[in-house]
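A short write-up of the structure that comes next.
For reference, chains read A, B, C and D in written order, and residue numbers begin at 1 within each chain.
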Amino acid sequence: MARLQLKEGQAMLVSRAHQEENSQIKIKGCVIGGEQIVVVAGPCAVENEEIMKETAFKVRGSGAHMLRAGAYKPRTSPYSFQGLGEQGLKILARVGEEMNMPVVTEIMDAEDIPAVSEYADILQVGARNMQNFSLLKKLGKINKPVVLKRGMSATIEEWLMAAEYILAGGNNQLILCERGIRSAEPWTRNTLDLAAVGMVKELSHLPVLVDPSHATGVRSLVAPMARAAVAAGADGIMVEVHPHPEKALSDGDQSLTPKGFSQLMREIEPLARAMGRRLR
Amino acid sequence: MARLQLKEGQAMLVSRAHQEENSQIKIKGCVIGGEQIVVVAGPCAVENEEIMKETAFKVRGSGAHMLRAGAYKPRTSPYSFQGLGEQGLKILARVGEEMNMPVVTEIMDAEDIPAVSEYADILQVGARNMQNFSLLKKLGKINKPVVLKRGMSATIEEWLMAAEYILAGGNNQLILCERGIRSAEPWTRNTLDLAAVGMVKELSHLPVLVDPSHATGVRSLVAPMARAAVAAGADGIMVEVHPHPEKALSDGDQSLTPKGFSQLMREIEPLARAMGRRLR
Amino acid sequence: MARLQLKEGQAMLVSRAHQEENSQIKIKGCVIGGEQIVVVAGPCAVENEEIMKETAFKVRGSGAHMLRAGAYKPRTSPYSFQGLGEQGLKILARVGEEMNMPVVTEIMDAEDIPAVSEYADILQVGARNMQNFSLLKKLGKINKPVVLKRGMSATIEEWLMAAEYILAGGNNQLILCERGIRSAEPWTRNTLDLAAVGMVKELSHLPVLVDPSHATGVRSLVAPMARAAVAAGADGIMVEVHPHPEKALSDGDQSLTPKGFSQLMREIEPLARAMGRRLR
Amino acid sequence: MARLQLKEGQAMLVSRAHQEENSQIKIKGCVIGGEQIVVVAGPCAVENEEIMKETAFKVRGSGAHMLRAGAYKPRTSPYSFQGLGEQGLKILARVGEEMNMPVVTEIMDAEDIPAVSEYADILQVGARNMQNFSLLKKLGKINKPVVLKRGMSATIEEWLMAAEYILAGGNNQLILCERGIRSAEPWTRNTLDLAAVGMVKELSHLPVLVDPSHATGVRSLVAPMARAAVAAGADGIMVEVHPHPEKALSDGDQSLTPKGFSQLMREIEPLARAMGRRLR
């Protein structure tokens, strides 16, 4: 039986056999899955309003389209900074509105769906929750775009099946995001799997973003991997930017400075054009 | 800094530096983490009362101490059998009571904590939810034993940190369960990591079970890996048994028949004794 | 201590601390590691003179710079086609000369170094021999360019240390080639690790090629990954092309047709320019 | 088609379908693959005659059957101690003879086959050379027992196919050795895959050893994993022992002291008996 078939002659919702043309997810003025390479940028976590504003101002100035930051943080240790919660959501929403940028933030608990939906434009399911099927089922019932990150060691099939949980619930505003998989390589945090991007674009109509920050965990590799993502056919990138990475409460090692981000945007632009797409 | 230290001189709750003697979790007549090798057996899912009873009757006859079966099933595909839900919980509870065996079942959604706590003696967190930190935090607040399975590709440190979330919430009735990690080996479902058992027994006071059924996905490997688990120092095993594996709604390939389970018990007994422990 | 340091203040030969500027390997008219993106194309194995000629003629017509094909084939099974040996070398050399293209071929046994050196312009060490240190030491003593493929599951450090074996022997005509690492993903043959390319270009002066054919094992992914490689900063690509992939004695599933290769070249050209490099 | 079949009805030499009863490899007084659990012990490398003798004397006293030590060392870095070469072989042979213990040592280069065959009783192919097919073919032509270690990330099938290369050459004195595979777990050197032992014992007639020292890289895990190996059905173990691990030129962290080895032997004995086997 062909991939992504439910049974002979019945294709899964996620598959190109079910929908041939690319899905386009419209969020305020932005379209993910269209001609434009969409850039989502921001700090790992909402730390306070000042840093959030400074980051937003600068990444917008360099051409970022959307803002990202976590209010609920999935941290390995219970003693690490867990995020500002609803207070963080409010800061993010205010800054997004002020800067006229849609905002993306992580949802970790189904209980928080109402609050996160109120403040955010896109709800993100993190790698650790990719197979939290209870959460996926509930996200299938809302009328908000969702970004589904690939799990730590998920196969492409498992990732697409997780997406199918959301589509099957009735929510087709779905965006995938490749963020690296576990490997034995110790010099990078994860191994960015760009072939998965190529494979998903072939098998599915859903838009695919790439997160080169979590995928590598190494600041100097973010730009090369962002460029490679565009060349591989990704529809956009999600990048961590912090005005003072050395003081960041989390993920400082992989965060670009605003200046580094500006340089990244200049590097991506000609590649987007070479791919027949546009950055602005 | 030493492993599992929060800061210099302050050990994490999960560590042997915090508690030197082994934790013992008492469930009705059973003790996990004591001298006895505890055997938890049962089908992958509660399918109906008849199969549940037949399995329970037979595994108890061969010496199993506890009963396992899923009412909520974390399935890769949304179109696969998702479990009987609360009806499954009720069947499991009835059969457990009738057979006088404590029952273990998976919790997938924090919303179901009250129902699962009512019907089950131990709540299991599956591999896919090992870093569902919202769920872990809530399980830290209940007064029921929890089995925390190792995540698909979790490191030992991440597994113990996930355990720390539950202990930090105040629930110290915690049992770990190694169930294999992802690897590139296609002939087994996962790669059973018994060195993790040795490492965890060294670093932590928590009891550790091993699930050779999910770890291998191959019926003929369940007994050798159960034996190896006992020899590695595990406190017990969780094994899938189904009276008619060829008709099982899930995991048939790795389920033992009651006869195979009986043989497994005969093989484990002398090894338990050789380890200075007992099976009965 | 910093990476690739032998001891404090003494950098390894492979490192940028030892040699700041990029190494350029000159082979007949070609330069690997310069401005040009170098494309090496050809069938998996030398099968016969006719197919070799047909492939060479067509890939040269589309702009390939060098020819690749194996005369000694490292096959998993002893019963699979093992290559034509010296007869294959002769065919490859004749076709290379006729087409005026330098040729690359694999060396599997130190005994064959004289023969392979006589007929080939570049000797390739395959993934399975990356840590065949006896072979590496002997290749350190010859005056011929060597391509060192990354091992199946080698870390970046192990790969660079393997390169150091060759440089330490006195042969500095060395080219690295990323060809994917093992992962649990079943839909691709290996997982192409482009972050390794970025990391190696940062830490080392050696040129780096990418082999998207072995890395993915999937024909439709070869072009996207070749594009991504160029965008990540690779100095060239090695691609399998066969005039009749369905009849190839090995690796047919991942071989491009000459038409597919021609399309690939058209896709790469604007990306090379966007990277400030050139294809021709 | 069934596993390890060459074609319908024709089983590979390595398979149980080809030979139902266990292969037994006889080396001087020892039999590998029989009732006895065979223990091979010794330092990572031959460092000098004194240490070799001291180690041999002590491990023999605790019941080891064979002696292991490397004269040719496959080291990641070209600047690490590469072994004493032929001088090391001579020391090893002298000590083995004096102590009346067969000796095992690694062969890295086909050129050294005559010398290694002269001095050693068993030639070991290391993990890094498991798919050095030229070496395997030559070892298929000698009349000496060979130990074939599993490659770093080799699948079970690739390992058995590598064994087939040796059997197909005519040498059926072949012993397999599981030594762990690469994983993302940073607290152990490799991940010991005991399910592979169970699988190989089922599919093949060849004897299987386990090397818990390289598999874990952690001294305190050697004994638990040696015990688990015996319980999983392995025919013996290979263990690193050094009289002064803190001064060892290589692998000190994973070497047992003679006292630790003696304790390990006491732990294994009752497990061997529980498995219906014997240690002495």
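Simple rule for what comes next: contacts are C-beta pairs under 8 Å (C-beta built on N, C-alpha and C of every residue); 3 or more make two chains touch, one makes a residue touch a chain.
Treat the numbers as computed from the prediction; the structure is a model and nothing was measured.
Undergrad: Between C-D and B-D, which chain pair shares more contacting C-beta pairs?
TA: Between the two chain pairs, B-D has more contacting C-beta pairs.
Undergrad: Suppose chain centres are the mean of their C-alpha atoms. Which chain sits farthest from subunit B?
TA: Comparing chain centres, C lies farthest from subunit B.
Undergrad: Measuring from the mean C-alpha position of subunit A to the mean C-alpha position of subunit D, what distance in angstrom results?
TA: About 47 Å separates the centre of subunit A from that of subunit D.
Undergrad: What is the distance in Å between the mean C-alpha positions of subunit B and subunit D?
TA: 34
Undergrad: Which positions in subunit D touch two or more other chains at once?
TA: Subunit D, residues with two or more chain partners: 153, 157, 182-184, 186.
Undergrad: Which stretch or stretches of subunit A touch subunit C in the complex?
TA: 3, 153, 155-157, 181, 183-188, 191-199, 201-202, 215-216, 218, 220-221, 224-225, 227-233, 270-271, 273-275
Undergrad: Using the touch definition up top, name the residues of subunit D that touch subunit A in the complex.
TA: Touching subunit A: residues 182-184, 186 of subunit D.
Undergrad: Name, in rising order, each residue of subunit A that touches subunit B in their complex.
TA: For subunit A paired with subunit B, touching residues are 6, 74-79, 108-111, 128-129, 131-134, 137, 151-154, 157-158, 161, 164-165, 168, 182.
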